[in-house]
Every structure is written in C-alpha cells, then in structure tokens.
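Here chain A shows up in two complexes: once beside chain B, once beside chain C.
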Partner chain A sequence: MDFGRTMKYQREAEPDWPHQLKQLPGCERLFSCIQCGKCSGTCPLSIYMDYTPRRIINLVREGFRNEALSSKTIWLCASCYACAVHCPQDIHITDVMYMLKREAIQHQMYPKRFPIPVLAREFYDLVRKRGRSSEFWLVLRLAMKSNPLILLGMVRTGFWLIRTGRLSLRSERIRGVHQLRRELATPKEAQ
Partner chain B sequence: MARDYLYFPGCSLKATGVAYEESMQELFRILEMPLRELEDWNCCGATSYMAIDEESAFQLSARNLSLARQNGNSDLMAPCAACYLVLRKTQDYVKKYPRVHRHVAASLESAGLPMMDGVKVRHPLEVLYNDVGLEKLESKVVRRWRGGPVACYYGCQAVRPFTEVDRAHNPIRMDEIMKAVGVPTVDYSLKTKCCGGALTGTIHDVGVRLNYLLLKEAARKGANAIVTLCPLCQFNLDAYQVEIQKESGESFDTPILYFTQVLGWAFGADPRKLGFKRGIAGRKLLKQWFAEHAEVEQYV
Partner chain C sequence: MARIGIYVCHCGHNIAGTIDVKGVANYAASLPGVAVARDYKYMCSDPGQDLIKNDIRDHQLDRIIVAACSPSLHEATFRNATAQGGLNAYYFQMVNVREHDAWVHSDKAAATEKAKDLVRAAVYRVKLHKPLERRRVPIRPEVLVVGGGIAGIHASLSLAAAGKQVYLVEREPTIGGHMAQFDKTFPTLDCAACILTPKMTAVRANPNITLWTLSEVVKVEGFVGSYQVTVRHKPRYIIDDLCVGCLECVEACVFKEPRFSDEFNVGLGKRKPVYMPFPQAVPQLVLIDPETCIEFKTGKCKKTCVEACAERNAIDFTQKERLETIEVGSIILSTGFEVFDPHRIPYYGYGVYPNVYTALEVERLVNAAGPTGGEVVLRDGRKPKRVGIVHCVGSRDEHTNRYCSRVCCMYSLKLAHLVKEHTDAEIFNCYIDMRTPGKTFEEFYNRVGEEGVNFVRGKVADVYPDGDGSLVMQVEDTLLGIVRKIPVDMVVLAVGLEAHRDADAVRRMFNITCASEGFFVERHPKLAPVNTFTDGIFLAGCCQGPKDIPDTVAQAGAAAMEAAALIDKGYVELEPMTASVNEEECSGCKTCIPMCPYSAISQKADVKKAFINEVLCKGCGTCVAACPSGSIKQNLFEDEEIFEEIEGVLAYA
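Here is the complex of A and B:
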C-alpha cells in the first residue's frame, strides 16, 4: 500500500541551498520565519496549492530544493503580495516565490506544457523583441505552445472583446527597440 | 498654472482596458489637469519578467523612468496596478541594493539614457485624493448617481508593498472619493482579495472561481456594481461573468466600472467619452444609469 511520502530523510535535503538564497534581494529574512501560517491564511490561492506558502518557506529553509522547485505552488502564486504585507516577520514571501520560479525555469523543473511558465516565456520574448506586449498575439502564442484547444473556450469572450473594441490586433512595437535591446544586453556583474 | 501630468498607460490601457484610458483622459480634462502620455514607453514586464529574469524586469522599468526624467517631469502616473507596482519596486530595489543600482546604471548608460533618479511614480486615485482633494471633487459634481450602492474593489498590487495609494490592510480612499461625489458604497470585505490576474488565462478554472467569490460577496453586500482601479481586475470580473454564471448556476449581471468612469459621469462628462459601451457585463443596467439625458441634472 502506498501511503505517499510525507516525511523526508535529512540526506535528501541540500542544506547549503537556502544559505545561498539568503544572499538574494528580497530573500534575506528567510530564516526568521516563525511558521505562524498567516501567509497561507491570507493567500487566495493556497487552497489550490500542493504546498501552502508556509510549507514552501519551510521546505526552502530546510533545503528541500527538489520539492520546492517542482511544486505547483510557485506557479499558482499570482504575485498579489498579500502574504508579504501580512507577514509579522517581514519576509518578502512573494519575492521568495519569484526566486523559486526563476530557478525552476532555469533548471527546467516545471511541468511540460504547464501554461503559466509558457506564458511567462512567450511574454518575455515578445517584449524583448518589440518593447511591448500585444495581448491578442500573446494569447495566440500561449495556446499554440500549451494547448490549442483553449482557444475554443475563448471564442465567446473574444467575440465580446471585438464587439466592444477592446481587442487590438495590432502588433505593438516601440521606436526605441534597439535602445531597449542595448539596455537589456548589458551583462550582469559576476556573483 | 495648471500642472502637466505625465502618464504611463501600459499595454492594457491600449487594448482590453481602453475604457480606463478614455475615461481618465476625459476626467482629467474636466478637472483641468492636462495629461501627457510618456513617449515611446515600453512594457513594464508585469509579473512575468520578475518570474524569469529580475534584472531584465528592472531594466525595462528603468527605461520608462529614465524617459520620464528626460521629459523633465518629476511625477509619472501609472494607472495600471501591475505597472505601478513594478515601477515602484524597481525604484525600491535600486535604492536598497547597490548591486541592482550598479547594474541598472550601467544598462541605462549603454543605452544612452540618463539615470532615473527623482521620478515619483503615482497612481491616479492617489493623485485625485492628494492633489485635488475630496472637497474640490465634491464641489465639481453636477450629476446625481443613479446606480445605487457600489463595491469599491482595490485588488492587490496597487495597495501592497512599495505603494502610496492607500494602506494595505483596509484601503478606504476610493470609498471616500465615491461618497464625496454622491455614490454610496458598501462595506466590501474582499476589497483587497486578488482577482487572480493572468490566472484566468492560464489556470482558467481557478481564476474563474476567484472571480466568482468577488462577484458573490459584492452582491451579498447589496452592491449593484463593482468599481475598480486596475485594468486586469476589470477585465477578469467583466469578461468572465457569463462563464461564472454558467459554472455557478447563479445569476450575475454586475457592471464593472473604473473609478474614473464614475467620477467622469458625476462631473458631467459625455457618457460616450467615458467608455461605458466597452463593458460586457450589465450592459442593460449601464444603459439605464448612463444614458444621455437632455439636461444635466443639478446635484442638490
């Protein structure tokens, strides 16, 4: 009988990992968490998450990198910052979530065709190339790369958006696109 | 002398949130506060950039802030909550972290842009509250509100860290402004609960449920409409109402307005210029409330 694995062995953890994270902007107060659960209570999405925000913070703090990075939680976080303003220990939980998303993308640890990181990537490329996002083209690219069938569900909404003049088919582009590319190409300092 | 307000529309105000831009322009015209769009602005990066590459997110905002500086303006108004937060967060991080500061400075330099110091990022709600003031807003009212009580919905990012729009836990400025112009408001307990933002487009099922809660609570409190300050909140609550109705089996037909539309109406603007026709939900009610009347009612 499979009872699932709710307890982990210490050897499965990577204890150095959270100490590296602590150096990153926004993650400094990671170790001051008192596990009060206010973040999970205030999070509008915690009921859909596989680990609540409180548990994610604890997983990260204890070095369970694999569990934290492959969780659905980090992708369900809508960045509403409710946890961050409610945290009595002033932990910037939203920034910790962002950091986890970045690391998960970097190491390709997110579920394939999961629409949220796909959308983030498509958006990223579009803005990098043109300087602006165009909602219509973004949704189209998202559908193609995740699940084209979602377009069927959007027909009605699309119809109304066209009717009310809110759907722009224009592909936006800024004049200073080369200037922007030069700016974005500036290398980071070495860690 | 009337002062000039520079604003950063962001992508939404040019597409799904076009009614926000239209009504804001009309409102500021009536208040004799000239508006000017930031030239050649780029996307703020929203939440996606932060999730992929934080440094690029700061670079995107830095260009906009630098353009505002070049314009000689000390204020940059960002009506979209996501743009507002990202611009503010960039400033905060540049100030707090020398590494971020150095990288942003180097990036701007290689793009031939001046540094971005001294720009104050503002939100129209807070501009109206602080620069115009409740008394003056009240004195401008020429039309009586016909829509009954509304729920003021602040959403998430405009009232969270890095902000000066209002306090995070129980913002009340939009309520105060609405009351000042004769619009009754209800005690909306979900006023800062997130609408899910982009989730309605990605994890649709979850996004729809979040918005169902928001609509349901507003109705339970007796609100006839929801007033928003963010294009994403407006879009989610407005565009998915039919679907929410179908899924929940409950009937909703709640107009979702921008606070700028309500104010514009109260101050006597031509309803056609306020983008009321761009709403999807509650179109019949909107017609009743905002149809053009021969004579402008005097507010008593």
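Here is the complex of A and C:
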C-alpha cells in the first residue's frame, strides 16, 4: 500500500496566485464563494471528478495552484454552464475552469495523454496548418497521442463510416492558409 | 465684526488619519473674523464641548463652527453646547469633514485642501446666521399600531399597560399573524398557540386598546404629535356586537362540506364561505367571504345561516366598506413579512411534485388543530419514511434574496425534531451553514443531532422524481466531497422571509424608507433600531428585517417604550428651519401650493397671498426654489447665507 502525505503546509500555497486570477475575465467573484456545493450538485460530470468543482474553487482561493492545475476536473468540465447558472453567488465557474485550463496548458501541467487537452492542441494545430479540420485526421492524431490502442476498437465503425461516405480520408485545405496563420499569430505576439 | 470659534475634530483616526487637522485649524485661524481655532481629539466628548463653552466665555465668541462628522450625528450636540455657552443655538454651523471628506478620499493633501475650503465656506456663511427659536407643539397621547402579529400585539399590550390609548389595526380577520400558524416555537418547543392566545385575548379585553380587524390604513397626514390617519374598514358581513362566535351559521351553511381553500392552513385545509379563521381567533367573530358565498354571487341563496343565527340577527349582507379618520401622536409599524414563494425556484419542483412542501405547510401538518389533526402525512395519506429538509430556499442566493433569513436554520431543526417525533422518519437536513446564534440555540442543534437527524452540508441542487413515486434530492455532501442522491418521500423547503409585497406602498404612505431588499430602514442600525427617519414612527418585528420571536418581542417592547416616552414628554420641539412668505412680494400665483410635499401651504382668502403653516413645514426648501418672485425665504437657508457659502467654497486661498 502506498501512503502519501495528504496534509498541506502553508508554504506549499501560492497566496498571490488567486488574486492574479481574480483579475481575469469571469473570475472576478472568486472570493464570494460560500462553499455551498450547488455547482457540484448540478454538474453532470462531477461524479467522475477527482475534485468536485466546489473543491477546485477552494483550492484556487487558498492558492494550491499545483493541485488545481493538475486536477482532472478542469478537463472533465463539459462547459454546460449549469454550475454558473445555479451558483447562488453568481460565480462564473465555467469561465474559471477555462482560465485554469489555459494556465495548465501554458505551464504544461495537464495530465499527459489525457484526451481533452490533446484534442484541443491537435485541433488547433490542424486548423493552423490547413485552415480546416478534417475529422479522420483529427481522430487519428488524437488517438495516436493519447491512447493508440483505442483505434483497434474503432476499425469496424471507421470502415463503415468511410464506405457510406460519412468520413473522408481527404484532408481539406483552404486557399491562402498563410493569411490565417498570420492572423492566429497576432494574439500570441500581442502577449 | 464677528468673533468666530472654530474646532476641528480628529475623531480618533477617522478624520486625522486622512486630513491634516492641525493644518486646517492653523489655516482657519488666518481667516477674517476668526478669534479662536483649535483641533481636538474628540469634540463630541464632554471636555470637547467644554472647550466651546469656555471659549465663548473667555474669548467673547459670537459664532461657533465645528468641523467634524455628519450633522445628522452631532449637530444637536454642538448646538446644545453653543446654547449652554450662552449663545443662540443657531449661531452654530457644522462642517462635515468626515463623511464628505476623510472617509471618501485617500489623497491626504487634497483632502486637507478640501477641508479648508469647507471650513472657509462655513466662516463666510455663519456670520449671517440669525438667532432662531425652536417651537414646542403638544403631542397627542394616542398611538396607532399597524399590524397585529406578535410584534403589534406585544407593543399594544405594553402601551396599554402604561395607560396609553392604542388603536391596533389588522388587515386580516384575526390578530395573531404568522405566529398563530406555528405549532411549536424553537428552541424551547413551547406550543405557539399556548403562549400567543393569552396575549391575543388580553388585547381584546384591554379597555385601552381599540382593535380593528379587516381594516387597513389608507392615508396618513400630519407630523409627529399629530397624525391624521384614515383607516378603511372592510365589511365582515357580520355585526361585531351581535355575533357571539357560536359557529351555528357555519354549521347551517348550504355548503354541507367545506370546499374552499383555507388561508389559515395555507391551502392544505378547506373552509366554508362563512367561517372563523381558527378556533382561537381574536376577535371571536365569524366572517363571510363574498368571493365564495352564493348569496353574493347569485343572490339566490336559501340563507340557512341567517335562519341559524335566528333572533341574534348578526348577519348583515348589506355591510359596506367605510372610512374612518383618527388622530394619533405616534405610530408603530409592525406589518410583518411574507414567506418566500418557492415557485420562483423551479428545480425544487414546488407545485409540480405534490410531496414538496414549504416549511409553513409542514408547520400546519404537525399542528394538532391543523388540516390533518397533527398527522404528518403525504398528500396521498401515506406516512413519510424519509424526509429531506432543504435549507436556504430563497435566502443567501443572488438570484432570489442575498440576505440570510435568520430563522430558517432553527425552524428547520425544530421541524426535523417534530417530524421525527410524529413519524419516526429518517430526516436529512441539507444546509449550507448551520446558524444557531441565539440563547440555547446551539444546545438545541446538538439535541436534534443526538436524536439521529442526518445533517448533510451542502445546498440541494436538484429535486426530481424517482421511478417509484419518491423524490430524489441531489446534493454535494461538501464535508465528504462527494455528490449524493438521497431518496425521500417528502421534501420540506425552508423558505426564507421576504418584505411584504406592499412594503413599498406602506413606506410611501408613512414617509419612511425601505432598503433595497424591501425591509423598512431603522434610523441607526445599532443605536436607534426601532426609530425611523420620520419622527414619531417606530418599527417592530419582521417589517424591519427577518428576526425570530424573542427578538421581535424585544423590539416591540422597545418601540412601545419610545412611543410612551414621546407621549410622556408631552411636547415635541420643531426645528425652526421653516419657510415663510413675504406677503408684500407674493403675487398670489399659487405655484408653491402643489409643490409642497407636506401640504403646508395654502392661500389666504382675504389677501390672496400664500401662507405657510409653520407646524406642517419641514423645511425642505422646495417652495423657496419654486417661487417665481423669490418671495419665500427659509430660516438658516436664506439666499444671502447660501450665496456667501458658495463664495466661501470658491474663494481659493
């Protein structure tokens, strides 16, 4: 059996971090949380989360940045906005989740091979290179970079999808894709 | 040449923390006409006031300026000090450098400059002050109490015990209010009726109390000491003096079975068109509901009720609404609250799933005089095996009410105890924070916990039906950090307290203020909790904010004491800042008459000039600004004084 320390020393917290986060759009009311748990109660996915959304908010508030950013919760969030609609303190929890995801990607803190961040990255890459997303290639790249074995189970479905013309092997491309790339690069430069 | 004394208050750090008070005092000393300029730690303290009195004597001062807090706090204090020093109290001017300066600025240098400007303005204007005298008007000894819940009942009884005449006006057919609907009261579990009904009958029996039920205040005129109040008496269709409350008419009604929704049992029970709200109603009189009575709807009823009443002849279908005007010296408002309507939160399914109840409904179910005779049963007659109580319904939520309703935690614990006692059901109390901050409240919480009630810390997120007819509460158990789905037979919504829906109309009528959440605002949250900004109008009970019965009774007693103190003083002093008309210049155009919010202006018939009743005038200045010929002047706000004050502000050093 593996015993890990569960207690936290205050020196492991980053108390300034939530105050920086609070400046970002959607995170303004972070500190109004009353920990009622209604977000977790309404969340359709909280039953699979390692930390419920309420606990994520408290991890953030207390400055436990590593725990918050490396949690699976932020990647499981389906952006259904049920929590934000129901929150009695009007905290835009979904927006907070987005900010955490962005920061996790920036600092490479997301769980490796976890399909959701991989999908986000591959989708962006594909669109940047070709100007369009092609389902076949996107699924292939997603599977290869997260869990290649999953492809074995998809072979039959894929075969029939291709035969009935529902899935194309052709990768589409737009004209003047360099212009799109230039546009996508602009916000990065601005940062 | 005036000899002015100026005093700049530090107010601890409140002012001195932002403003260089010594600098302001030194600057003030350089202004023309200033004989003495000092700064002092707390001007409102006795030594601070003595400073003023001594300087008046030693330096022959004839005008006083204090630069300190808001005039609403200490103007009266310093006017008194000025008067005690031997000057007319209105030779004083207050400068607000706390609320208007220190508290709202952070730039110290700029705030100090602003303080100098404000002090200079006062120096310019105070020279023109004229001596004024306060007038005394007698106070009427009668008190009007509006609302006959426990607050109104207690206030009326206290005043009556002190020998004061009280009019108690209640809109419903009986007094008692919400408390009469409760079964037990927390935390002692006293039977609500057992402790309330003796007080209700005492109201009826007390010769000093005039009790008017089915009545509403429709108009209020006048001012402290002399209010003219118009009350509308709605018809009961029963002659009060003849009815003995025998209920034979109810027996005899052509409706053999009660079939109309019963207001007292919040719709869970049924009543007939002629009914008594509940057995201990005060007054013990029946009433007829014209909405449901066949005689009113068709005019073709057999009128078996009239037959049953026989020679007493107490039923009168021809009664009409009537208005009555009374004169009172002061008014206590105890108009109470309304329970939150949970239809506004659709995901709890109130009104959709039959077994979702409000706490008030369960209160009636538990009560032995209630619609089920004290049996806690579901709408289909089954006994619930598992009951969920949802806290904070309509409280602590940006979408409904932000505030905590203060009583729900405790009444939920009480209901948990009572329902468990009646049904032995398993109880789940789902709460956000358990708030038990009263005397022996925490002990009650412990007791209910020891009785085996389950506590789940989390706000219920959803209530939905299970396949087998029960309901499921979905809630995160925040102490466990997991989401739970709890199947229950009955869901009790611990609904919050809201301001009455016509609180806004009431506050307009009585010329007081409401806060954003709709409750009436007290004059000071700590030091004048039952007073309002309108003299002679006091608050008691939940119309001022959610509170429990002990606090309501305490507040009602305090309001009664304030009213009694006013009466025993015998007079009220009116501020002399009234307006008056210069008849030689008045053209009689009548512009000012409709402008006056206090109906203080009339036209003198003989000379056709405006005339202002000084007793009614509150000194708002509206007529002064409106008068096209400038022939109205207001004491202490004369044109020259205001222009000099403006000059003073604008004369940069």
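Just so it is clear, the second predicted complex is superposed on the first by the 173 of 191 C-alpha atoms of A that agree within 3 Å, B and C clash if a C-alpha of one lies under 4 Å from a C-alpha of the other, contacts with A are read in each partner's own complex, and residues count from 1 in each chain.
Methods note: contacts are C-beta pairs under 8 Å (C-beta built on N, C-alpha and C of every residue); 3 or more make two chains touch, one makes a residue touch a chain.
Nothing here was measured: the structure is a model prediction, and the numbers come from that model.
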item	value
Chain C versus chain B on the shared chain A, clash or fit after superposition	fit
Contacts of A:A120 with chain B and chain C, given as first, second, both or neither	first
Which superposed partner A:T52 touches (first chain B, second chain C, both, neither)	second
Geometry of the superposed three-chain model: angle at chain A (Cα centres of chain B and chain C, steps of 10 degrees)	80
When both partners are placed on the shared chain, which of chain B and chain C touches more of chain A	B
Touched partner set for A:P25, first chain B, second chain C, both or neither	first
Which superposed partner A:Q89 touches (first chain B, second chain C, both, neither)	second
A:T164 touches, of chain B and chain C: first, second, both or neither?	first
Shortest CA-CA distance in Å separating chain B from chain C in the superposed model	8
Common ground on chain A, meaning residues reached by chain C in one complex and by chain B in the other	none
Touching residues (chain side chain B, partner chain A) in the complex	11-12, 14-19, 40-43, 45-56, 59-60, 62-63, 85, 93, 96-97, 99-100, 102-103, 106-108, 110-113, 156-157, 160-161, 168-169, 192-194, 196-199, 201-204, 206, 210, 239-240, 242-243, 277-280
Contacting residues of chain A [partner chain B, same complex]	25, 44-45, 48, 76, 78-82, 84-85, 92, 98, 101-102, 105, 115-117, 119-121, 123-124, 127-128, 131-136, 139, 142, 150, 153, 156-157, 160-161, 164-168, 172, 174-176, 179-180, 182-186, 188-189
Residues of chain C defined as touching chain A within the complex	347, 392, 396-399, 432-433, 457-462, 474-478, 481-483
Residues of chain A touching chain C in the complex	34-43, 46-47, 51-52, 54-55, 86-90
